[in-house]
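Two complexes are shown next, each including chain A; its partner changes from chain B in the first to chain C in the second.
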Partner chain A sequence: MAAACVLAQHGQRPVVLDEAERPGGQAYRLPGAGLRHGAWTPSGQKAQAARLHAMFAAVADRIDHRPATLAWHIHDGMAHVLRHGVRAGVERFDTVLLATGATERLYPVPGWTLPGVTTPGGAQTLLKDQGCLVGQRVVFCGSSPLLYLAALQYARHGAEVAAVLDTTPRARRLHALPALMAAPGLLMRGVAWMAALRRRGVPLRSGVELRRIEAGEGARRLVWVDAAGREQQLSIDAVALGFGLRSETQLAQLAGCAMRFDAASRQFLPQADLDGRASSGVFVAGDGAAIGGAEAAEISGRLAAWAILGELGAPAAAPEITRLRARLHRLRRFQAGLQTAFAVPDALLAALPDDTPICRCERIDAGTVRQTIRGYVGAIDVNRAKALTRCGMGRCQGRFCAPVLAALVAAERGVTLEQAGWLRAQAPVKPLPLAASLADG
Partner chain B sequence: MRRLHTDIAIVGGGLIGSWTALFLRRRGRKVMLLEKGEIGAQSSGQNFGNLRIQGRHVTEYPLALRAAAQWDRLADLVGDDCGYAQTGHLYVALTGEHADRLRHTAAEANDNGVAVEALDGAMLRRRWPWLGEAALTGAWSARDAIANPRRVTPATAKAALALGAELLPGTKVVSVAQTGGRFVLETDRDLVVESEVVVNAAGAWGTEIAAAFGETVPLFVAGPPQFVTDPLPYFVQPSVQAVDGSVIFRQTKRGNIVVAGYPRTATDKLSNRAPVPPLKTVATMRVLATLVPTLASATVIRVWSGIEGYLPDMLPVFGQSQAVPGLFHAFGFCGHGFQLGPGVGLVLSELIADGESPTPVAPFGIERFQNDVAADAKFRSEFDAG
Partner chain C sequence: MTARFQRAIPAGGRRVSVWLEGVALEAWEGESLLAAILTQRDCLPGDGPEGARAGFCLMGACQECWVQLEQAGPVRACTTKVADGMRIGPYPIRLA
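The block that comes next holds the complex of A and B.
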C-alpha cells in the first residue's frame, strides 16, 4: 500500500495484485464484510492503520487495485494470477515489487495438530476478520511479541486469557535491551501490552518449557514446566502457539532472486539492498524482504517505490530517502533485538519426541525425518530430505514445516542451518484449481 | 592425492548407474559409483514414475521386457517395493490421427510380445466411467506399471552398498583418460580413481565422458513439465497418456494425481535448473480437466521438471564405446529410461562380466551417430520448436 501510494503520488499508475479481498495486509486488516466494528487495537496502531488506509483511498483513482488476485508464479516478466479463486490469468510488468509478507513460525509441541490449537496470528485474524474468538479460555504460548498483543486483544473482547507462556528466559530478554533501544517507542508499546495484561490479572510467565497439549473432554490441557522446573497444567479450550514470523520468499525465489542466509532470523532471505532492489526489475519490501513489523514494512515499501521512481528517471527526493533509510536501519536493529528477546526454542526442538508430526499436510513425524537423515549416503540438505520423506511436499509447500525440517537436518548432520539449506520454491505459491485453466482471462 | 583402485568405475549415481552397480556386485565385481551430486537426485528421481512398456520403438521391446521382469522382483532385489504397482497403462487418442497411430503401435506391441488391447470410446467409458468424451479410442496394456522414482534409485544404491559397492556421492569426475589399458578418473575432490572398466551413466552429462574419447553425440537436454494435485479419493487405477503426450497422469495410492504434459521444455544442465513455464502448466491443466471432467475440482499443489538427455531418434546411447575398449555408454534415455533402468543394469553387467548379453542392444550403439540420424516423429512433436 505504501509503495503504491508513493508511485501514484508521483505520476505512476501501479497495478496492485492483492490476494486479500480488502486492502490492509495482515497488520492493518479491515473488518470483514458485514462487521460494523473492528477488533480492539491499541491506539497507536489504530491511528497508523487509519492514516495508511486514508492515504491509499486518496489516490485510489490512480491505482489499479485488483483484490482477490493471487500471484501464483512470476516468470519471464509476467505475474501468473488466480482471480477470485476461479480464473487463471496473466499480468505483464516491467518492474515488480514483491510485498509477500510473512507466515507465522511454528515449532511443534506434541499435540500441536489437535483441533483447538492455532497461532496467535490466526487467533487475531479470526477476531479482526470475522469477529470471533478461537475459544473462551485461551492460553497464548511460544515466544513472540505477538503473543502479548493477541492476548490483550482477546482479553479486551471478553476471552479469558489463562496465561501467556513464553519459552524465552527473562535474562535473555534483558540482554536484548540495548538493541531494542533502537526504537524506544516500539519497546514501550510492548511493555505497555504486558502491563495491561498484568492489570487484568493474566499470568505472564517466561523461561517456560512447553511439554505437550492433550485432548480432554471438550477441552485441551497444556502441560508445561515453569522456570523453576515445576510441571504445571492448564485446562483451556484453545491454544495459540507461535514463535514469531518467517519471511514468505516463494515468489521472490520464483522471480529469480538470489537467496542469502540471515543469521538473526535463522532463515534464507532474498538478497536485496536497503531499498529493496533484489534483481533486475524485481524489488522486495515488507516482512517478505526481512521481518521488521508494520512500520518497517511501510518504510521499506516507500523506499522501494522511490528506487523504482529513480529507475524511471524521476528526480530523487534525497532528504526523504535518507530519513527513511535511517529509520529502517533502526527498525532492523530493533528487530534483531526482538530475535534475541524471543528466541527459537532449540531445546524444545532437540527434545521433540519421534512420534510428533512435523509436517501436517503429509503427516510426517520427526522420527521418520531423523531416520532418513541418519540412513542417508551423502550430504543431505532440506531439499533431499523433502524428496525422501515427503515432509514439505503437501499443500502448504513447507511454509510451516520448513524451519523444523531445517533444524532437524542441521541437528542430525551436525551442520549449521545455513548448510542445511532452504526449500527451493516450486510453483504454485498456493493451490491452483484445475477449473481455473478452463476460465482463462 | 588419494588414489583408489576398482574394477569398474561407474560415472553417474542415477537409476542406470545404481542398477549397474547392484547387478555387477551380484556378479561379485568390484564397483565404485561416482556421483557429482546426490544419488538419484536428477531425472532418475524427478521423472513421472511410469513403467510403460507399450508404445516403444520396436528395437526396445526385448530390453523393456527384460526390465519388466526385474521390476516384478523389485522388493527382492532392493528390499523395498518403492511403490511398485502393476496398474496398467492406457493410451488414449484425442484425434483421428492419434487413433491411427494407436492402431499401428498396438499392432507393433502385440507382434513383440506385449499384449495390447484396442478399445473404442464406448468400451473406454464402460471400463473407466470418469473418462470424458474427448477420449476417442484407447490402447490398454495391463502389464505396465508404476513406481515411485524418488525412492527407487536411493533404494537400489543402498542395496548395492549393502553388497559391497563403494558409493561416492559429491564426487564429480573432471577428466577421464585411458593409459596403459587402465582408466584414470580425476575428480573435483582430493581423489583419483583407477579402473579397468568405465561405465558412462552420466545422463544428461554423459556427452562429456564420451567426448573425452572423441565420441560425439547430438544430445540435447530438456525436461517434461509436471505437476501434482492435492490428494483425492483413489479412483484412477491405470496410468493414462494422450498419444501426443499433451497429458499423462496417474494417481498414487495416497490420492495425489501426478501429471505430465508435453511439449517438453529446454533445461539448463550448467545451472542445474529445470524451470516449468507456467503457461505450460495451465495448458496441461486444461487438457486434463477436459479429458477427466471430474478432476476440474482438483487443485495443483506443486510443479517440477527434470534434466533429461534426448537424441534425435529418441533412442538411448547404450553399448560398448567404439573408441576405447572397456568403456561402456548408457545415457540419453530420451525421457523413457525409468522403465528400462534395471534391464540396462542387468545387460551391462552381462556385457562387462560375460562379454555378451542375450538381449540385443546393437540398435542403441554410439556408432550410429557417425552418419546423420533421422529424427523420430516424437522428436518433432513433443518438444518446443527451436
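The block that comes next holds the complex of A and C.
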C-alpha cells in the first residue's frame, strides 16, 4: 500500500493485485465488508492503520487496484492471476514489487492437528475480520510477540485467556535487550502488552515445555511443564500455538530471485538490498522480504517505490530515503532482538515423539521422516526429503511443515539449516481450479 | 460443545440463509463460511488430519478448510463469504 501511494504521488499509475477483498494485509486488516461491526481496528495500531488506509484511499483514482486477485505464478514479465476465485488472467509488467507477507511459523506439539488448535495470528484474524473468538477459554502458547498482543486483544473482547505460555526462557529476553533498544518505542509497546495482561490476572509463564494437547473435559487439555520442571494441565476450549512468522517467498523464487540464508530468522529469504532490489525488474518489500512487522513493511515499501522511481529517471528525495533507510536499519536490528527473545524451540523439536504429525496435509509423522532421512544413502536436502517422505506435497505446499522438515534434515544428518536448503517453490503458489491454469484471459 | 467460535462483536447487517449438508443455517452478510459454520457447529463437514476439522490458520494459507459448494465447487471456507442460497457440503475428497 505504501509503495503504491509513493508511486502514485509521483506520477505513476501502479497496478495493485491484492489477494484479499479489502486492502490492509494482515496487520491492518479491515473488518469483513458487510458485517458492520464498526470501523474497529485492534488496539495499538489504530492510528497507523487509519493513516495508511486514508493515504491509500486518497490516491484511489491514480491506482489500478484489483482486489480478490491471486497471483499464482510469475515469470518473464507476466503474473498469472485468478480473479475472484474464478476468472483466470495474465498481467504483464515491466517492474514488479512483491509484498507477499508471511504466515505463522509452526513447530508441532503432539495433538496440534486436533480441531480447536489454531495460531495466534489466526485467532487475531478471526477477531479482526469476523468479530469472533476461536473459543471462550483460550491458551496462547509457543514463542512470539504476537502471543501477547493476540492474548490481550482476546482478553479485551471477552475471552477467558487461561495463560500465555512462552517456551523461551525469560533470561533470553534480557540477553536480547541491547538489540531491542534499537526501537525503544516498540519495546515499550511489548512491555505494555505484558503489563496489561498481568493487570487482568492472566498468568504469563516463560521457559515452559509444551508436552501435548489432548481431548479433555473442557474440550481440550494442554499438558505443559513449567520452568521449575513441574507438570501442569490446563483445560481450555482452544489453543493458539505459534512460533513467530515465516516469510512467503514463493513468488520471489518463481520471479527469479536468488535466495540467501538469514541466520537470525533461520529461513531463506530473497536476496535483496535494503531498498528491496532483488532481481532485474523485481523488487521485494514487507514481511515477504524479511520479517519486520508493520512499520518496517511500510518503510520497505516506500524505499522500494523510491528505488523504482529512481530507475524510471525520477529525481530522488535523498533526505527522505536516508531517513527511511536509517529507520529500517533500526527496525531490522530490533527484529534480530525479537528472534533472540522469542527463539525457535530446539528442545521441543529434539523431543518430538515419533507419532507426532509433521505434515498435516499428508498425515506424515516425525518417526517416518526421521527414519527415511536416516536410511537414505546419498546427499539429502529438504527437497529430497520432500520427494522421499511426501512432506510438503500436500495442499499447503509446505507452508507449515517446511521449517520442521529442514530442522529434521539438519538434526538427522548433522548439517546446518543453511545446508538443509529451502523448499523449491512451484506454481501455482496456492491451489486453484484446473480450468484456471488452462485458460488465458 | 455445540459451537466452536464465539461471536465477540455483534454483527449488524442483513441475515443470509445457507444450507449446510441439507440443514438450513442462518448467517450474517459479510460472514465467512468458516465463521458462519463454526459459530453454530463445532466442526466443518468432512474430515481433516485428525478426523474432525475446524480449520487451522484461519487466513487462507493452510488449505484445511475447503468445503464443496454445490453451485461453485470447492472453496476455502475462511476466505469465502456467505451468499443467500449457498448449498454447502463436505469437500468430496478426504483431505489425506
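Criterion: the second predicted complex is superposed on the first by the 426 of 441 C-alpha atoms of A that agree within 3 Å, B and C clash if a C-alpha of one lies under 4 Å from a C-alpha of the other, contacts with A are read in each partner's own complex, and residues count from 1 in each chain.
In this text, a contact is a pair of C-beta atoms (placed from the backbone, for glycine too) under 8 Å apart; a residue touches a chain by one contact, two chains touch by 3 or more.
All values reported here derive from a predicted model rather than from experimental measurement.
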Contacts of A:394 with chain B and chain C, given as first, second, both or neither: both
Touching partner for A:136 - first (chain B), second (chain C), both, neither: second
Touching partner for A:414 - first (chain B), second (chain C), both, neither: neither
Touched partner set for A:117, first chain B, second chain C, both or neither: second
Superposition-derived comparison: chain B or chain C, residues of chain A touched: C
Which superposed partner A:229 touches (first chain B, second chain C, both, neither): neither
Partner chain(s) touched by A:432 [first = chain B, second = chain C, both, neither]: first
Partner chain in contact with A:313 - chain B first, chain C second, else both or neither: neither
Which of chain B and chain C A:85 touches, first, second, both or neither: second
Residues on chain A lying within both footprints (that of chain B and that of chain C): 394-395, 431, 433
Residues of chain A touching chain C in the complex: 19, 26, 32-38, 40, 85-86, 103-104, 113-119, 121-123, 125-127, 129-136, 157-159, 219, 237-238, 357, 360-363, 394-396, 399-400, 430-431, 433
In the complex with chain A, residue positions of chain B that touch it: 35, 38-39, 41, 45, 150-151, 154, 157-158, 161, 167, 169-170, 229-230, 275-279, 281-283, 285-286, 288-290, 295-304
Parts of chain C lying in touch with chain A, wherever the complex brings them together: 1, 4-14, 28-32, 34-35, 38-39, 42-43, 48-50, 52-64, 66, 72-75, 80-81, 95-96
In the complex with chain B, residue positions of chain A that touch it: 72-73, 75-76, 78, 80, 88, 90, 375, 377-380, 384, 387-388, 393-395, 397, 426-428, 431-438, 440
